[in-house]
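Below is one structure; the comments refer to it alone.
Labels run A, B, C, D and E following the written order; every chain starts at residue 1.
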Amino acid sequence: MFEAIAFYLFAALTIVMFTITVMTSQALYALTAMAAGMIFISAFFFLLGADFLGVIQIIVYTGAVMALYAFGMMFFDTTRNVVEKGTNPQIVFVLGVLAAVMVVTIFVAPIVSNNIQALYPIQENIGNSQAVGMVLFTKYLVPFELAAVMLLVAMIGGIVLAGKKMDKSLTLMKEEEIGGLDEGFEPEAGGH
Amino acid sequence: MIDHILTLLIFFPALAAMLGFVVTKDSIRAYGIAVAGIEFLLSLWLWYAYDPMVSGMQFMEAAPLIPAFGINYLLGVDGISLFIIILSTFFTLIGIASLTEKRRIKDLIITLLFLEMTMVGVFAALDAIVFYVFWEFSLVPMLYIIGAWGGPLRIYASVKFFLYTFTGSLVMLVGMLFMAYFYYQATGQWSFAILEWYRLILPENFQLWLFVAFFLGFAIKVPMFPFHTWLPYAHGQAPTIGSVILAAILLKMGTYAFVRFSLPLFPDASVFFMIPIAVIAIIMIIYTAMVAYAQEDIKQVVAYSSISHMGVIILGTFALNVEGVSGSVFLMLAHGVVSGALFLLVGVIYDRRHTKLMSEFGGLASVMPRYATIFGIMMMASVGLPLTINFVGEFLSLLGFYKQSHMLTLTAGTAIIVGAIYMLSAYKKAFFGNVTNEENKKLKDINKTELVGLIPLTIVAIWLGVYPKPILEPINNSVESVIQLMHDKAQSAEAKVRIPDLSGKNGTNTMQEAY
Amino acid sequence: MELYLYIALFAPLVGSLYSSLFARSPKSQQVGIIASGLLFTSFVSSTILLTYVMGGHTVHTEMMTWIATGDLYIPFGFVVDQVSVVMMMVVTIVSTVVHVYSIGYMDHDKGFNRFFAWLSAFVFSMMVLVMSDNFAGLFIGWEGVGLCSWGLIGFWYHKESATWAANEAFIMNRIADLGMLIGIFLVYWNVGSLQYDVVFSEIGNLQPVIITWIGIFLFIGAMGKSAQFPLHTWLADAMEGPTPVSALIHAATMVTAGVYLVVRANPIYDLIPNVGIFIASLGAFVALFAASMALVNRDMKRIIAYSTLSQLGYMFVAAGLGAYWVALFHLMAHAFFKALLFLGAGNVMHAMHDELDPFKMGGLRKVMKGTFVMMTLASVALAGIYPFAGFFSKDLILEVGFVEHHYVIYTVLLLTAGLTAFYSFRLVALIFHGEERYKLFGIHPHEAYKFMLVAMSPLLVLAIIAGSFKMTYFQLVMNLLPATQYHVHDHTTFWIMTIGTQLFVIAAILFAYKKYSNWSSVPDGSSAMEKSFFYKLLWNQYYIPKMYEEIFAKPYAELSRIAWKQIDLKIVDATVDAIANGIYKTGENTRDIQNGNLSTMLRWMVVGLVVLSILAVAFTVGYNVVGA
Amino acid sequence: MLEPIHVALGSLNIATLAPMLIAVVGALSILIIDLAKGGLHKSLYVMIALLFLLLDLGALVDFGGLFLKNGTILGFFDVMLMDGIAIMSQIIIVAGSMLFIPLALTSKRFHEYDYPEYFALFLFMIAGFQFMVATDNLIMIFIGLETASLALYTLIALHNRSKSFEAAVKYFTMGALAAGFYAFGSMILYAISGSVEMNQIATILAEDHYSNIGYVLLSMAFMIAAFGFKLSMVPFHTWTPDVYEGSSAALAGYMSIVPKIAAFVVAMRLFEFLVHSGVAWLQVILYIGVVVTMTASNIWALVQSDVKRMLAYSSISHAGFVMAAVLIGTTQSNTGLFLYWALFSFTNLGAFTMIWVNRQKNLLPGQSSDHPYEKFSGMVKTMPMGAVMMGLFMLSLAGIPPFGLFWGKMYMIGSAVTSGYTVLALIMALNSAIAGYYYLKLIVFMFMKEPMVGYNQFYFMNASLSLKTIIGIAAVGTIFAVFAVNPLLKVITLFVYNSGY
Amino acid sequence: MAITLTHYLVLASVLFVIGLIGVMRRKNLLMLFFATEILLNATNIAFAAISHYIGDLSGQMFAFFIIAIAASEVAIGLGLLIVWYKRTGKIDLDQMNSMRG
């Protein structure tokens, strides 16, 4: 019963929050609503016994991602609102509704299967974090490492793109200009 | 060396063309003549070494190319292809020798030599894919020749030529792949070897579909009505050399392919489609002859006349008897010689006047008598006068088809009437009457360079009209084995009747002996 | 003997090739002389062959293979037998005469050398035609004479009318040649050979209907070459060529090739009398039809051309009725006097500076004695007055008609004989008698070169005496042709007929003389006669040329234009271009799917997803329904 | 308490990681070198990258040998999957990259090559693609894909001009959406099978007799959308022309080859078991998708006025053509896929390099894109060899024999015919004919028109020895492809067949 | 009325569609990126739910990695947006129209 109430409550909250995120014209509202939505989602994770995920959700999303976005918003000076002159908004909603209907139509049918076995079963006596850790560092070690590479890529990419060196485009400059630039142009190694 | 003479024949011009990049502009023409001359001599040697009494393939060569998919480098000639190869080398030589083009001559000669490679390759190939490779690649040099040296509409014309034929041959490629697949199903092996395919007896409904697929590729190349409209543009815009090669050789690829592929592979379908194709052929003959009559441009007259004559060739091919098929193969050569010569002749006047409109001429016979004479001879050959090369082919083609249908042959026979109408009226417009145009009064008669090409052609046109035997005999022998093969393979009762059985005849090789 | 055969055959070819070497050089007398000499050689060889053949032999030789494929075997084979040797004689005699004559006639022409090249080539083709031992060889000659006829009619190629006539002749002949070709195909596919001997010996084994078709198609070929109705119009127009050409080709030799074909193919036509009747009827019709047009014509050469046409009709009557030897005999006799007539006309033309209207002449008798005599005698021969050649040959045809009980044909021919006499002497009277109307046009006529007249004299002699060869000839050809004697057995009838005919003809001659020998003015179309319907009908050749122009030539040209401009460019080609353009236009019209706007791009992705999921749901629902 | 797990090191098959690790190490070493001493010339990094790629390739070839001896190699708890198609596609990826990286050595300076990070990211991207193909774990695929994509977005943007930013942003945004699709699709598969490994999913679905057909199809819908984006199938293709136009020609050429082969391999793994299971829906959808992609992109390519954009549409069309192999799903067609792609790599690389070679810094006067057709007009007169080369690549792309791509096309069409897809074969053939037009258009410009006044100095502006070498390699590969086809076919068939495809 | 997997799946789909709508209608690129986050989060809920209901950890793993991916995407996305903004001063995607066709 508690589960049901919690589900419906958080479902409603998430839906409302995310709807605000996509519908509001105020970037600040959107950001705030999304942050709230993210936190409500972590509630589902706790509900579903995925404690580790829930924590990660809060830390990563509400902590890191939202901070980044907030930073971005400040940078972009979002007080100047982008005018959302939505072309053909009805198409957007028709498509949205159609997608929802279709997906839900399929999802209301129960999944019938006798062959699903849990390959990495959740054991009741073990804490979620421990279990996750166990799987993560065995089976998913390689993806985990690769994810590290991915984050490195993202980091390098982010730094390089936002770096100062991008302010001048060698691509567009004439050869002579570049030649003149070379003395004064300190090729910072990697920009960090 | 004789074992690889065909390889030599195919790749010598290409190799020479590559080396030609080094030759300077001034001497490239001499180089081209030398190369084409050597190539021509090689092809004559091929003829010399060819045993006319053997009806099957000679000088066979085989090398694996993509054996995993059954594609091999297979070459060989028989009586049907031998002379078209010689014709190709002959016309390349003549074309280069009588070249009057001044613009970027180096590119032109190199392109021509590449074109020669593809032409010889098409006729020597015995593997469907190798055949296709040359068939398709021949479009490229021709595209360049038309597009770079042609008239004001050259780009439209060349692109149309390219895309039209390209489309048709892609459908043909699907047909070839299907054929190979069928072979695979039947034997468990991939093979694109034509001679292997000959052994297959296909169910009739497969034959029909495959026939159509191949037909589309060939028909556009020939070109058959209603796929012919690229040709007038191509001829109209192409430089002289382009038209000559196009008319003399490239169109023959289509008709040759009918004899090489459609007939022996699909005997029942050939019989099934005989009447519809004959009707198309007759439309080609009469309709294009009428269109030719309405032309104002003399080159277009010759261009449309080509289509009309190709109609007779098609008719002869689908006579499905020795007389008709031999005749059509012979007519391929004949038409090559005659239409090539006519295009050369048109080029002569175009070089002088830079127009091809007949209304601009008139009375040329008195200004350029030698030119008018040669033109007259070639025109009469084109009209199919006996003792000229064309007559032998036309006579045999019509004679052959008469066996299949009286009425259609009677209708097709109007070729000799309508052909005379447009040719004579064109000749009259251009050569007879008084010289009305001031510019024509000072025209120089045909010069040595031009005669170099035209005299041999005239000689050939008459020589082979009087004494076709050296060529007709090998053709006949090979055609007999094709017809016998068709008869043996035919399944439907009608096909058995329509395609004559030659096995009772002395000296005829049966299918097993021939292939 | 084969040597003589080859000499007879190839001497003209050598002459032609020799002359053509000089074709582009200025006039050179030796060309004409050498060509004539070579033809004389040919004539001599033919004579030798004639004597040989008269000895009861024939010469049959095969030079080489021409076309051999499948079962078809066509050699260059030649045969000199009783029929072909007669034709050879006719051809070589007339052509030798014409060659010599031409040396004078073409004296001032720029194309002198070229003329001899063509003329000798023609003789060669004609020899091939008559000497060939198979239908294909015949066809070579058949087309060859057509080609030379084209070249010679259009000899003065700067003249529009000449080139037009040349093309007309060629094309009309081509129409007939198609019939002939089909005939040859029929022969080949039914007999398996084109050799005369094989064909004629096996023709009887065929079904009658096939023989009939063979006969019909071969005769269509003959109709074209011999200018039978309805393919006759080219002959009159062919008079645009130089007159020696008309004499040789369009009177003596080429146009009779049709008759020769029927005679040669007599074993075929013997089996199909119905076709024979048709041939005879057509011949009779053409005889009258052509003669009627000659009555009013005002072009000297055309009158003679119509006369030729009319006489060809006679020949076909004979041939159609099975009297092949009679047809051939008339052919021979006709060749002599008609060539003579033409050459005479040539002299007149020369004298009159190419004036052709006899009404503008008159009284030329005084300045052109020789020509006058020759033309008069030739006309007499043509009219069939005893004892000239025409009497023996032409009256014989009348007899044939009578004996074979074709009285209608007989009557028609009799009437035509009268007309023939009338128009022939109308011509003679107008040219040589009466006032010298030419003076009005300031012309000073003069007689032709002496040697031309001398050259013509053999023909004159033959025109006079040819009749006396009749029995010799009969003995000769009866080896090959059905030796039927055509005699009206009832003597009374015979004499009444013969004398009656003679009287009728003489009356016609006198009438012509009376009416035209004192003609004084040039008609200007104002007289009552010239306004009459019949005059106009005849004057316009029954409106047939005009009809052909309207029914065939113009619609064909128009149809051709439509075929090109409307069908080829606007339908066939436009369809191809429309497909290409359609594809291109589709691209132009839909390229905005990629409009560069990120929002749109994202929406397209969602659209794709939604479509896919709709399809998924639809399939699932369908699957469950069907599954259940 | 959780039991400790003992894993024998040998059972991990750590070697399966070797090829990717080489790339990663290469990237890291570039970063370290840069840290140690900045301001080094780009040629150093090019060579380092080449060296590591060479090592990578060597490792892959070694794996190829191992595969032929022992069959599929699994590693790291079956996350790594080195089967035939994984090895082969990695070889194509690495080899293609090796041909691409020297294109950095242009005679002009472009912004991206001043960054050592560019080369590091490039190697990371390769590692990402390698991970993506060398596994059948959906998670692994996702991470590999994202690693590679994120690096790629950065590489595009590093060209540093507004068009490349625009291209990168568009690509990124759509990529994010596609990532969402992929995640959702994987979720559905996981929901019905309880597994994220494709072979297990296939097994479980088969055992269930596809009873959850709705879920399967829906997941496929999402997966097709996700991979449709990567493979630029219509209507998920819209990014392609813009991204190609916005990025440097070299990178555009690279994008037309390497990311796609990686996506193809995943698509093969993902879709083919369903195609074979007789789920007609997927066949129909793929059929439609293939035909529409081929045809529509061809038609759009016709109307382009910029060569690079034209090539972008053309590569969509080629991808559609090859996608047919997934639809047909026979060993022959899969072999054809790799053959086609190997040959396509050479030709397309050559074509894009030719474009790269005549890249100027700023737009030509009166033009709105870098490579309008007019720029090439009359090229045969000013730069004959260049024109011949470009013509050669165009002919090959059009499928004119005997050039490289013809053999691929022939084999693909052949495989369609063999599997009874005759109509598809015809459509493929006719599409090649339509495609002929736009390739021809460039040839027409180069060979049949007069040079534009003031444009000719732009030919070969950017050429350098290494670029010419690449063109030479591509040309040789294109011309003499016929001799390579047989060995390629044999090897590929062996690899594909032994991998069970 | 126990909460079943279906509930979660439907919730996930609804959130996913909200994300889709956001992706489709947003013109402000920054806010468009928010919407893509929603897409991934919706999926995460579903993964966690499935994982819970079938008692398997793989789903949680997947969700875990998706969070990592989302974070990386933010970094790159913002980086791109910053250069774009620095160059043009805009983050409106309608202004991004230099290439089309």
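To be clear about the criterion, contacts are C-beta pairs under 8 Å (C-beta built on N, C-alpha and C of every residue); 3 or more make two chains touch, one makes a residue touch a chain.
Owing to the predicted nature of the structure, the values given are computational and were not obtained by experimental measurement.
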{"item": "Where chain B and chain E overlap in contact partners, by chain label", "value": "C, D"}
{"item": "Chain labels contacting chain B and also chain C", "value": "D"}
{"item": "Relative to chain B, chain with the most remote C-alpha centre", "value": "A"}
{"item": "Chain pair, A-C or D-E, that carries the greater number of C-beta contacts", "value": "D-E"}
{"item": "Per Cα centroids, the chain farthest from chain C", "value": "A"}
{"item": "Centre-most chain [mean C-alpha coordinates]", "value": "B"}
{"item": "Rounded Å distance between chain A and chain B, as computed from the means of their C-alpha atoms", "value": "68"}
{"item": "Cα-centroid distance, chain B relative to chain D, in whole angstrom", "value": "43"}
{"item": "Distance from chain E to chain C - Cα centre to Cα centre, in angstrom", "value": "95"}
{"item": "Rounded Å distance between chain A and chain E, as computed from the means of their C-alpha atoms", "value": "6"}
{"item": "Sequence positions of chain A contacting 2 or more other chains", "value": "91-92, 95, 99, 102-103, 105-106, 111, 116, 118-119, 131, 139-140, 143, 147, 150, 153-154, 157, 160-161, 166"}
{"item": "Where chain C touches two or more other chains at once, by residue number", "value": "580, 591, 594, 596, 598-599, 602-603, 606-607, 609, 613, 616-617, 620"}
{"item": "Residues of chain D touching at least two other chains", "value": "139, 143, 146, 150, 153-154, 157, 160, 169-170, 173, 177, 191, 194-195, 214, 217-218, 241-242, 300, 303, 437"}
{"item": "Touching pairs among all chains present in the structure", "value": "A-C, A-D, A-E, B-C, B-D, C-D, C-E, D-E"}
{"item": "In the complex, chain A residues that touch chain E", "value": "3-4, 7, 11, 14-15, 18-19, 21-22, 27, 30-31, 34, 37-38, 41, 44-45, 48-50, 52-53, 56-57, 60-61, 64-65, 68-69, 71-73, 75-76, 78, 81-86, 89, 91-93, 95-97, 99-100, 103-104, 107-108, 110-111, 116, 118-122, 128, 131-132, 135-136, 139-140, 143, 147, 150-151, 153-155, 157-162, 166-167"}
{"item": "Chain C partner contacts - residues on chain D that touch it in the complex", "value": "169-170, 173-174, 177-178, 181, 213-214, 217-218, 220-222, 224-225, 228-229, 235-239, 241-242, 280-281, 285, 296, 299-303, 434, 437"}
{"item": "Residue ranges of chain D in contact with chain A within the complex", "value": "1-2, 5, 7, 17, 24, 31, 34-35, 37-39, 76-77, 79-80, 108-112, 114-117, 120-121, 124-125, 127-128, 131, 137, 139-140, 143-144, 146-147, 150-151, 153-154, 157-161, 164, 191-195, 200, 204, 207-208, 211-212, 214-215, 217-218, 248, 361-362"}
{"item": "In the complex, chain D residues that touch chain E", "value": "138-139, 142-143, 146, 150, 153-154, 157, 160, 162-163, 165-170, 172-173, 176-177, 179-180, 183-184, 186-187, 190-191, 194-196, 241-242, 245-246, 300, 303-305, 309, 368-369"}
{"item": "Complex contact set, residues of chain B against chain C", "value": "160, 163-164, 225-226, 228-230, 287, 290-291, 293-295, 321-323, 326-327, 363, 365-366, 369-370, 373, 380, 385-387, 391-392, 395-396, 398-400, 402-403, 406, 409-410, 413-414, 416-417, 420-421, 424-425, 428, 431-434, 466-469, 472-473, 475-476, 479-480"}
